[in-house]
Amino acid sequence: MARSDEQPRPDLGKSYTATRSLTLDLAAPLSDADATLQPHPDASPAKWHLAHTTWFFETFILRDHVPGYALFDEAWPFLFNSYYEGEGERHARACRGMISRPSLDEIRAYRAHVDAALLAALPGFAPEVRSLVELGIHHEQQHQELFLTDILATLHENPLDPVYMDGPAVAEGSAPPLGWTRHDGGEVEIGDDGTGFSFDCERPRHPTLLQPFEIADRLVTQGEWAAFMQDGGYSTPGLWLSDGWAWVCDNKVESPLYWACEDGHWTRFTLSGRRAIEPALPVTHISYYEAEAYARWAGARLPTEAEWEAVFGNADAHAGNQLDAAAPVMPDGTPGPFGDAWEWTGSAYLPYPGFAPEEGTVGEYNGKFMCGQFVLKGASCATPRGHARASYRNFFYPQQRWQFTGVRLARNA
Amino acid sequence: MARSDEQPRPDLGKSYTATRSLTLDLAAPLSDADATLQPHPDASPAKWHLAHTTWFFETFILRDHVPGYALFDEAWPFLFNSYYEGEGERHARACRGMISRPSLDEIRAYRAHVDAALLAALPGFAPEVRSLVELGIHHEQQHQELFLTDILATLHENPLDPVYMDGPAVAEGSAPPLGWTRHDGGEVEIGDDGTGFSFDCERPRHPTLLQPFEIADRLVTQGEWAAFMQDGGYSTPGLWLSDGWAWVCDNKVESPLYWACEDGHWTRFTLSGRRAIEPALPVTHISYYEAEAYARWAGARLPTEAEWEAVFGNADAHAGNQLDAAAPVMPDGTPGPFGDAWEWTGSAYLPYPGFAPEEGTVGEYNGKFMCGQFVLKGASCATPRGHARASYRNFFYPQQRWQFTGVRLARNA
Amino acid sequence: MARSDEQPRPDLGKSYTATRSLTLDLAAPLSDADATLQPHPDASPAKWHLAHTTWFFETFILRDHVPGYALFDEAWPFLFNSYYEGEGERHARACRGMISRPSLDEIRAYRAHVDAALLAALPGFAPEVRSLVELGIHHEQQHQELFLTDILATLHENPLDPVYMDGPAVAEGSAPPLGWTRHDGGEVEIGDDGTGFSFDCERPRHPTLLQPFEIADRLVTQGEWAAFMQDGGYSTPGLWLSDGWAWVCDNKVESPLYWACEDGHWTRFTLSGRRAIEPALPVTHISYYEAEAYARWAGARLPTEAEWEAVFGNADAHAGNQLDAAAPVMPDGTPGPFGDAWEWTGSAYLPYPGFAPEEGTVGEYNGKFMCGQFVLKGASCATPRGHARASYRNFFYPQQRWQFTGVRLARNA
Amino acid sequence: MARSDEQPRPDLGKSYTATRSLTLDLAAPLSDADATLQPHPDASPAKWHLAHTTWFFETFILRDHVPGYALFDEAWPFLFNSYYEGEGERHARACRGMISRPSLDEIRAYRAHVDAALLAALPGFAPEVRSLVELGIHHEQQHQELFLTDILATLHENPLDPVYMDGPAVAEGSAPPLGWTRHDGGEVEIGDDGTGFSFDCERPRHPTLLQPFEIADRLVTQGEWAAFMQDGGYSTPGLWLSDGWAWVCDNKVESPLYWACEDGHWTRFTLSGRRAIEPALPVTHISYYEAEAYARWAGARLPTEAEWEAVFGNADAHAGNQLDAAAPVMPDGTPGPFGDAWEWTGSAYLPYPGFAPEEGTVGEYNGKFMCGQFVLKGASCATPRGHARASYRNFFYPQQRWQFTGVRLARNA
């Protein structure tokens, strides 16, 4: 949330409308049935994303700050609260995919109702309420990315390999050789620099000490990953963390998620259906365990979040990093500092020194997840335009890989 | 399947059309999303039932007996084979609910395609193929009942208590006192008597010996079940089989399935939504364990399948036992020998002496399930008209209760 | 339990002493640690068997019928009650193997204490108490067999293949060809004939009707089983019950329990350690699923319990059927009607017509297990001398195979 | 391992003998059966600890560095390798408790054999081999602590509450008020300072930046923990991390491990049996989740490992921190900087900048566990004398609490 001592951005209504509209665009290719399914407990149905982001605005803004506002449906908050204990009992996360009603159209009506009420009240909001609106917009942007990763997971459950939207032709050729950028270490500052929106977990900005290191100038590619597989990467315990090796064995992992091998040919399932491996493009859908093992195999290691931010702190996500319903959602591999895939770091997701969660129930947003997860930096091909920034701290458990996750190497200088 | 030495019924095309049409009527109140969900691995999505029954006709009749027939879609048999090992690999049963595509409309088109092809070819079918058509009709009738039980289970997952179709007003009052009918025992014949269709497991008809016994003249009611609960039925281990008590404890069972208690008032979830308990109507959705424990509590026992058939062998399911999309699907409690709810017997589902499964892959229909399940006799409010007969052997595992299962008492004379 | 209208056997004290002594002999080769382990929840530690059988006498005889008897240790009944709900709370079955104290020696002292008290009081017991003593003796004999099967399971967990006691040289050669005995069917009587001890589940004796059938004159051998395996028995779904095939797949079953293959040679783990397959000896440690699939592969079926008893009703277990600490415990294959291995029947374990459990808590002995299990007839190499009889109804779940279970074929005549 | 550029300590043989002897002393109160059991997969049998520590010396020193040494038993390395992938296949960790043979006495003989061989060869060892001996001694000291925590877990499985060794009288009274020590932050150095033995994960010593903070002058006590419980600590989701609250709910946690409540009185199970709560003594056997929730409840937080080491870097574990078979093993609460219980920090167990694992298979000792665990600093009442040091990095998963784990509070200054 933006700090309250800052001027609210003048274009809040425009941002709100644009973000709400993009979510509907993302849902356009889906049937009610597509939007109802939950492929696994980490993911949520598309319909649920549409409703939950709406519930966020309805609850923390309309209900709390608009006198006389009546809930669209009193039974729905139970269904569409995600994890806010402060909002009371709610539907079990693992059961979100068993709710065929309300329909997708009814949820669209819910969105329209909330949008109308919020836009009508917006001009009168106090700065702290405007900050909550801004938080809600960024919240919805996060769910836009989850929407896409969850639809990918959903369609992947179907043996018929359905297509969400058409993609470009399969890219051929290989990536340029990996280059390394040196950093001399020393004291650096990381965290939100106060020039724009940030989540509480990015604050406070603070100094930290680094040793000299080098960092790769691009992500690991699908072609390089195929070489790792060819070299026995998934069958060599010495390359793996103990937990990682147990995960490989228990789940019989032998490739990134969504990759499959038929008659000796590897393919991967994408939002544009099943495609051949594209050697020059970044590998995605890998777990922390895989990223870490690959780095060891490559004689390198993962960067820490501080190292990453020291290097990319002044960079923007590259131009290809945008998302609309007409764009192919896949790593585009165009040159640029970051933005094709979230980059696993070797840093645990823990509070910055002096961290304090937001006041109120929205304080459950980040802080209570600071245990057992790793930080990912950057952004991905599924991150909406304008949502990426260098201080962003994305976080997932080390075994999770249904996001667009990739790896960039680092090494001691 | 009808025995091959018998004349095919003249109205086979009419039966086919009526049955296929009824299935579509059952699906009419459902959205694509409703029809996609699978509430638990024992149940299947409505859409799957529509497609699987069609696959049965397409595979065992059109593909096998109509030269030149082309499959509607070559990828679909993998999705819609249920358990026929003879037909090769298939989609995992527990994952049937993750298939949002094909849509409900596409499956309706599949049905129309197969219906047209089958009706066109029907006049030329040899008697054994006509017998397979008859088997397919009865197969689809079984799935009509499963369709309803599975939709009930699906809608029950939704905290909003959705309604499949409206029902009659809640019945008040209590049932007449239980009466007992005596049978003198001795040698009786059970099994298919050759006057109509039967499944292979109902054959051969054979003699068996009975001891004198008495059987109740009606099913146990919801009101009587409430008395059992009130008397601590679910917390008295001495009433239960060992497996039953473990099931009660592991699952924290304290009422029939779909019953719930709020503020001291019990309700049950039905196809017409949540309703008050109706004391005069038969209790349904109970497991074998519960039926058996209730009988012990009542100083009685369950009838064996031979006892049941000795008593009801010449009776018809009562007039209320019909099913169409306009009828309420719930025990109607009108007088008549049977038909409100499937009646658990104390007999294991095992082969009759001399049993031989059907030839070919359809021989997997019944015989391979003869282990660990109990026989249920009669029919239920969800059984389609014309599908019930006294020799019918329905079968489920002792813990299963998502069917319309009830209990009729018996005792030694 | 012996019926109360019968004269108690005059040698009850002698029987008691002999049975109690044999149990101690069985334990002689074991260390305290050996006797403490529980290999899986179906089995129990040897120490537990020694204590539980003692608890049975202490509870149902000394505590209930000997005024002034003081429990050896008031905390022990909680540990050594098996499943008698009427005796209240007890230690969880699956946790029996976590009790290193009391030691084996302390349990021997417990046995001596109870033995002394019981033998002192025995002369004054009323007939119904003498009947309970007789029941306790047969109860302990059952546990002697379980003791051996559970020690086999325990030692099998140890990769070092430890030996319980030495066995004879490995038998070579093959069995004589299988012969068939015909029975004309008709009305036969089965169940306890009143000439000796029986459990309640063997009563009442009653008539039943049989169709003509044939039954094999010996058990299926290890050599024949190897042929079944060689012929793809474990990889042909059409041979298996549906539940059986799921069990094969889920557990990756490819041989009887305790068989292992190294460098193409099959061996089996026995109480005398790991041995080569002995082709002429009966196969043991097979599940109902395996027995049933084998029979189908062999073009036969399993006998029903009534068929089995109709044939063997007047036979005795053969002479080799004895058990003492000096004898090898393995199928001896000597000629004789039965006794090498328990024989799976195709009959579910259900109450005989008119069955009534024993009065009181000992009524939990059999009746509450009448669900989901199959009857096994005969006896095994581990059944103590004098415990076998033709009316005996042993029972296990279809997947269980840690007992000495085998298969005899039958077929319709 | 000691750095190779350092002089080996002159008293290596004496250290070796003392450590090996203490392990035997710890086992003296145990029966073979006690020493065989494994209470849960995180813990190991006492017998296994005795053998595994011996296997470590036999493998990495005698086998690798003493020409002509013959293994005591060639089958045993399979049983007693813990997790060293470089040593090949091994017995599954979760099955360590199913090995009744070899007996405790046979394992004592194994120890004697290896000790004799090692002490005979010790004078001729090169410095790097002497370093491995030193590593083995520290490895065995770690297992001495695990031995005690695992025996506690084992005896706790027994409803009879057995005693490992007698303890002192129950302490009454309450602790002195909590005081706070301030640290000004700034750049500090942490990690091994090169003055003694260290594990690889304590290296390299490196600078880090701290903000000003305060740290408590003693551990949280049992009395304070009781107040947390009384105040609803275990039923207030807002106090907990998200994973922690799920853990509380899934496991129905309502107190530290080993605490039990009967008739309103809380007790805890200890190595001296079940005891009353001792309010002045440190609380132990708490998970990271509990420590973190308690800190939030108390308006504080956990210290980071760098903060902890900045404060205690020059302190020694207090005098009470010793362990021999005659001493009570429980928090003694005597004044001193640390040593009663391991102190959870808020730092993930991750590599120090520049970390490199040891060469060879012993490099699996620490590095491969750097994922998902938290660092604990200090030492406990079960840590052997001489094994504690301020740079020590102990590590466990956030849900684990069978160690002697406690909590010390910190807060921002």
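Order as written gives the chain letters A, B, C and D; numbering starts at 1 within each chain.
Rule of thumb we're sticking to: contacts are C-beta pairs under 8 Å (C-beta built on N, C-alpha and C of every residue); 3 or more make two chains touch, one makes a residue touch a chain.
Since the model is a prediction, treat every value here as computed from it, not as a measurement.
What are the mutual neighbours of chain A and chain D in this structure?
For chain A paired with chain D, there are no chains in contact with each.
Compute the centre of every chain as the mean of its C-alpha atoms, then state which one is farthest from the centre of chain A.
The most distant chain relative to chain A turns out to be C.
Take the average of all CA coordinates in chain A, do the same for chain C, and state the distance between these two points in whole angstrom.
Whole-Å distance between the two chain centres: 59.
Averaged over CA atoms, how far is the centre of chain A from the centre of chain B? Could you give it in whole Å?
Inter-chain centre distance comes to 46 Å.
How many angstrom between the C-alpha centroids of chain C and chain B?
About 38 Å, centre to centre.
Per the contact definition, I'd like the list of chain D residues that touch chain C in the complex.
The contact residues of chain D facing chain C are 31-37, 39, 75, 78-79, 91, 95, 97-104, 154, 157-160, 162.
Taking the complex as given, what residues does chain C use to touch chain B?
Touch list, chain C to chain B: 83, 85-86, 187, 206-211, 237-238, 240-245, 288-289, 292, 346-348, 350-351, 353-354, 368-372, 398, 412.
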